[in-house]
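Here come two complexes built around chain A, the first alongside chain B, the second alongside chain C.
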Partner chain A sequence: MTLSPSAFANETVIKPPRDWVLIGLWISLVVVAAIWIAPFVFIVFTSLKSTAQVTTTSAFAPPVDPQFVNYAKAWARGRFDITFVNSAIIAAIKVPLGLFISAMAAYALAKIPMRFGRLILVLILFGTMIPFQVMLAPIFTLVNGLGLIDTYPGVILPYLAFGIPYQVFILYGFFRGIPHELSEAARIDGASHFVTFRRVFLPVSLPVLAALFILDFVATWNEFAMALVLLQDREMWTLPLGLSAFQGQFSRDYGQLNAAIVMTVLPATIVYLIFQRYFVSGLTSGAVKG
Partner chain B sequence: MASVTISSVRKTYGAVSVIHGVDIDIRHGEFVVLVGPSGCGKSTLLRMIAGLENISAGTIAIDDKVVNHLEPKDRDIAMVFQNYALYPQMTVAQNMSFALELAKVDKATIRQKVDAAAAILGLEPLLDRKPAQLSGGQRQRVAMGRAIVRNPKVFLFDEPLSNLDAKLRVAMRAEIKSLHQRLGTTVVYVTHDQIEAMTMADKIVVLNAGRVEQIGTPLELYDRPVNRFVAGFIGSPAMNFLRGTLQVDQAGLKVASGSVIAIGAYPVELTGRTVEFGIRPEHIQVTETGGLDTLVDVVEPTGSETHVVADVAGEKLVALIRRRMPISVGDRLPIVFEEGQGHLFDAESGQRLILSSGQA
Partner chain C sequence: MAKRAILSDIRIQTWLLLGPALVIYVVFAVFPMLDVIWLSAFKWNGLDPVKEYVGATNYVDIFTKDPVFWVAFKNTVIWTILSVSIPPMVGLALALGLNQPIFGRNSLRAVYYLPVIIAPIAVATMWRWMYNPFFGLFGQIMTLLGLGAYVPDWLGSRDAALYSAFAAHVWQSVGFSMVLFLAGVQEVNKSLVEAARIDGAGRWGVFRYVTLPALRTTLTIVLVLAIISSLKAFDIVYGLTGGGPAQSTQMLALWAFTQSMQIFDFGRGSAISVVLLAVTLAVVIPYMRWNQKREEAAQ
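This part shows the complex of A and B:
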């Protein structure tokens, strides 16, 4: 039997019923997004206003005469040329190095049978349970004892120590979930553990590595307390330290202060935008039949 | 091509023993299927040949060279996994060339081998695709291609067709068999599907609970199972079993209900022995007159044949009838067992007592 298109012509199109739960979810998402975006809009707008405009206009009024000079002034007065470079160096070394070490450790714990593997995992996981505030004084004593106060290694090493445990924890779970046939196939193909790790596991783990990279970059970039304790020479300060001093000095000049804040968070935003495209689900689909 | 010799191989995990001394000889170029129910140790045995599991005791030799302590890559074997285990981020060509690349084979040779394998398996148009863009059957072919390019001494297959749908499974079965005929490489193939075993193997090894039950050609196993387990495992629909006491003088078997079922003549010294009488469904014939009176329970027509489940003296029997005939549930169906096709097994040990009626 064939049906001509006209057979449907007189049919009224039945709309699917409204999904009120979905609508409710969308509304709450929009509200939550607005709450999160509001301070950012406020900061960006304020950063482009002169002190007079800040006091006379509403916080959410767009700047009529954008004061881009605020950025240049804040950059110079806040010594961003120094703090920015320091933060960049620390993050550029710490974040990839920490992830690489964590991934190797997680691979070894998840895929290489070891006599005390479980115990080692538990010991590493202990690291996630210790609040770093408790450790601030001992860390200062230790770093001081090693003569590393006011040096990059002096702050990168403690950062690594506190960052690695939770990354190992997440990657361990992820690697455990990768079918063991994949590593066995690589073993039969003649791959060493390191080759299996680099050629098979790392590419498969890109989404989770990208997520950890972003989280770790933002955490490292914004870290304040440990940097405050370990970096006393102003020449070694990181952005958050510079920003806090800036706040003390120029707290009346809201335009410049907010320009400094925008410049501080911008790199983290850029890193996020670069890496978020790796958040593609289903990268492992097709490896094995689900 | 290579031979594989498995001698007194055992596997234990702590106190638990999963393989209890297995001996198998696999000749050059032979297609050997390890078959058995889940948990019988067949995959473990294959993984021991591959070098993915340690051997607790005994030896495995490939071409007379004991490989117990060799790494998988040094055993010159290739393995195809049930779930394919393709590298998801690599293209088909990269998947197939990975092993050669690691072995530092030069690029031109790799290219040539990959192209040759792709030609054999019809993968040429797919070489630049990633596994996620392939269908199940295509992925399975890539997994085989990955094995072929290495030109190994032995191919190991671990239930390679289990994840495919029924139709594709039949097609791939034929493909693997013709591949073996073309390449002539020794194959060890693990499956739980006895039809795969029967159709593909030169030699079948039936495993159960970590022990070899029987080794033989498919038809040897089918025609002369050495015990009740093999008899019940090989063949579909499965062999019928009737348990009872042998009444040689009446050429019958006294079953639980007290009735005597005619099973044909057996040596007189077996009288009074408790046995299991086995008869394959295709050896049950519908007769016009006489025979055993049965009551039809279930009728399953497949088109080419009809499976009839019938009740005889309180025992269920499956008959396979090739002739089209009007049979419906509740009918009275007179049947006879084909002369000389019965199997007798000791009820206690399950061991075969006699080949068939009239033969000792």
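This part shows the complex of A and C:
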């Protein structure tokens, strides 16, 4: 990890060639980054070792004879076929549907004057700050009362409800910023609010929608506490529930346990690595500028 | 008549657009928030058709007869204090460093942010393995350094377990603070920085008198978000220790869950949730007021 002058020169054309403070800073940032990434390396290494190799070789030793069979075994024993499909179905319905209804509501609040608009907006924005997960008991009672425990709607509906505030908040801010002329022109041409929303507002907000989509996908994919309460039947479990149970049952099969971890986190990691820049814009547009 | 038709038409349009989100939000988010207050006044196992009204008994019980509640309360306070100090400080330091024109800064930012997107329950599983006293990463590092005899039982010791769990939380959450601070740092007025430089301010001077004051808004947001996420801390503790050993890492959100869903005392569980909710509101309402004033000032 030595500093190569040629690579360094690429970015700092204007700066003086050797700024020792910056070089020291760079080295410390790289060292800390190496520490930050070490857990991943350790997990991947362990996931490819047999139990005998785990107990006899050093944690830092790369697997000599990679045991890919750990992945196949963990997949079967952890019933990843079921949990993976459940997680995928829930995310595939929840994420687009949630964004769509949030965008509609944000449009109505931002562009249609109405009597209690301000009040409704405050009520919804309030939700961005409330940790609804601390109220698992009443959520269970409600979903149970509707007979929806262990069903997809039973978990999707609360997920929708908890996603709405943040998404409305971001989209409301964005729609407010869209020039009046743009929507008025469409309205004068006789377009209804539905048409204006779909033809004018949805297309221009694609980048914001993309950012929210990615954030919400990861949040839905990772959600644990509510799923734990609302999905009790093994056949309905999502990936995080499956991983938690796997840890409880097979915590001594170190290789397989770590293979299960890798398989659980891989989809979100891939999504993140592909859509990195959307993550940052989606987060900061709401939290900092809002 | 025609005008009235249009008016009602717009109303219908408004409600069709606003309705779905509003109904789902009110039924599945606002209603449980009120219902939890109602449930906290009953003795109920969650399934029986009849609930027994007991008034404030559940609150009296959790405050006076439930020692675990106070352990959970104390742990939640410790967790909150650590959460508002350590991850934001590290995040700010990283943001300042990664705002400099240095080689590979985008990759470095990506590395620090990566743990944020991983499921907290998966982070717990990872760290539980790293804390394994025999083959885990930390034990092996200490052995390499010749400290093999001193490897603590990270998650099994009452004194260490809470802090071991918090370390996992730091690893996961630093990237989040960093990203918020980076956005804040990039908004700092560049001409002010230049002016300070020309006036002879060094790096520390620029940070102290230009950057830090400009970050006040970001700082408030980061701290409020840290408090809220501490109050709902659940997944990491559930996955790492389950509240043990001997309830020494119990947290309020987890204890509310345990009371309701495992001990089947919905009344007590709800009373704990109400306490958490009240603490949250004590932070959120002033924050929302402050935010509103800031917005009005900006307009």
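Keep in mind that, in the parts below, the second predicted complex is superposed on the first by the 224 of 290 C-alpha atoms of A that agree within 3 Å, B and C clash if a C-alpha of one lies under 4 Å from a C-alpha of the other, contacts with A are read in each partner's own complex, and residues count from 1 in each chain.
One rule holds for everything that comes next: a contact is a pair of C-beta atoms (placed from the backbone, for glycine too) under 8 Å apart; a residue touches a chain by one contact, two chains touch by 3 or more.
Computed from a predicted model, the values in this text were never measured in an experiment.
In the overlay built on the shared chain, the residue A:Leu121 is in contact with neither chain B nor chain C.
Contact with neither chain B nor chain C is seen for A:Leu171 once the two complexes are overlaid on the shared chain. In the superposition on chain A, A:Leu230 makes contact with neither chain B nor chain C. Once the two complexes are overlaid on the shared chain, A:Ile90 sits clear of chain B and of chain C alike. If you count the residues of chain A touched by chain B and by chain C, you find the higher number for C.
In the superposed model, A:Leu48 lies in contact with neither chain B nor chain C. Touch criterion not met for A:Val208: it reaches neither chain B nor chain C. Contacts of A:Leu99 after superposition on the shared chain: neither chain B nor chain C is touched.
Once chain A of one complex is fitted onto chain A of the other, the partner contacts of A:Leu136 are limited to chain C, with no touch recorded for chain B. Residues 283-284, 287-289 of chain A lie in contact with chain B in one complex and with chain C in the other.
Touching chain C in their complex are the following residues of chain A: 3, 7-8, 10-12, 15, 21-22, 25-26, 28-30, 32-33, 36-40, 42-43, 46, 54-55, 58-60, 101-102, 104-105, 107-109, 112, 114, 120, 123-127, 129-142, 144, 157-158, 160-162, 164-165, 168, 192-194, 197, 218, 221-222, 224-225, 228-229, 239-240, 243-244, 247, 251, 254, 257-258, 260-261, 264-265, 268-269, 271-273, 276, 279-280, 283-284, 287-290.
Note for the complex: chain B touches chain A at residues 50-52, 71-73, 77-79, 81-89, 98-99, 102-103, 130-134, 136, 139, 146, 150, 163. Against chain A, the residues of chain C that register as touching in their complex are 10, 13-14, 16-18, 20-22, 24-25, 27-33, 35-36, 39, 46-47, 94, 97-98, 100-103, 105, 108, 110-115, 117-122, 125-130, 132, 134-137, 140-141, 171, 176, 179-180, 182-184, 187, 203, 217-218, 221, 224-225, 228-229, 231-232, 234-235, 238-239, 252-253, 256-257, 260-261, 266, 269-270, 273, 276-277, 280, 284, 287-288, 291.
Looking at the complex, you find that chain A touches chain B at residues 179, 181-182, 184-191, 195, 199-200, 203-204, 206, 282-289.
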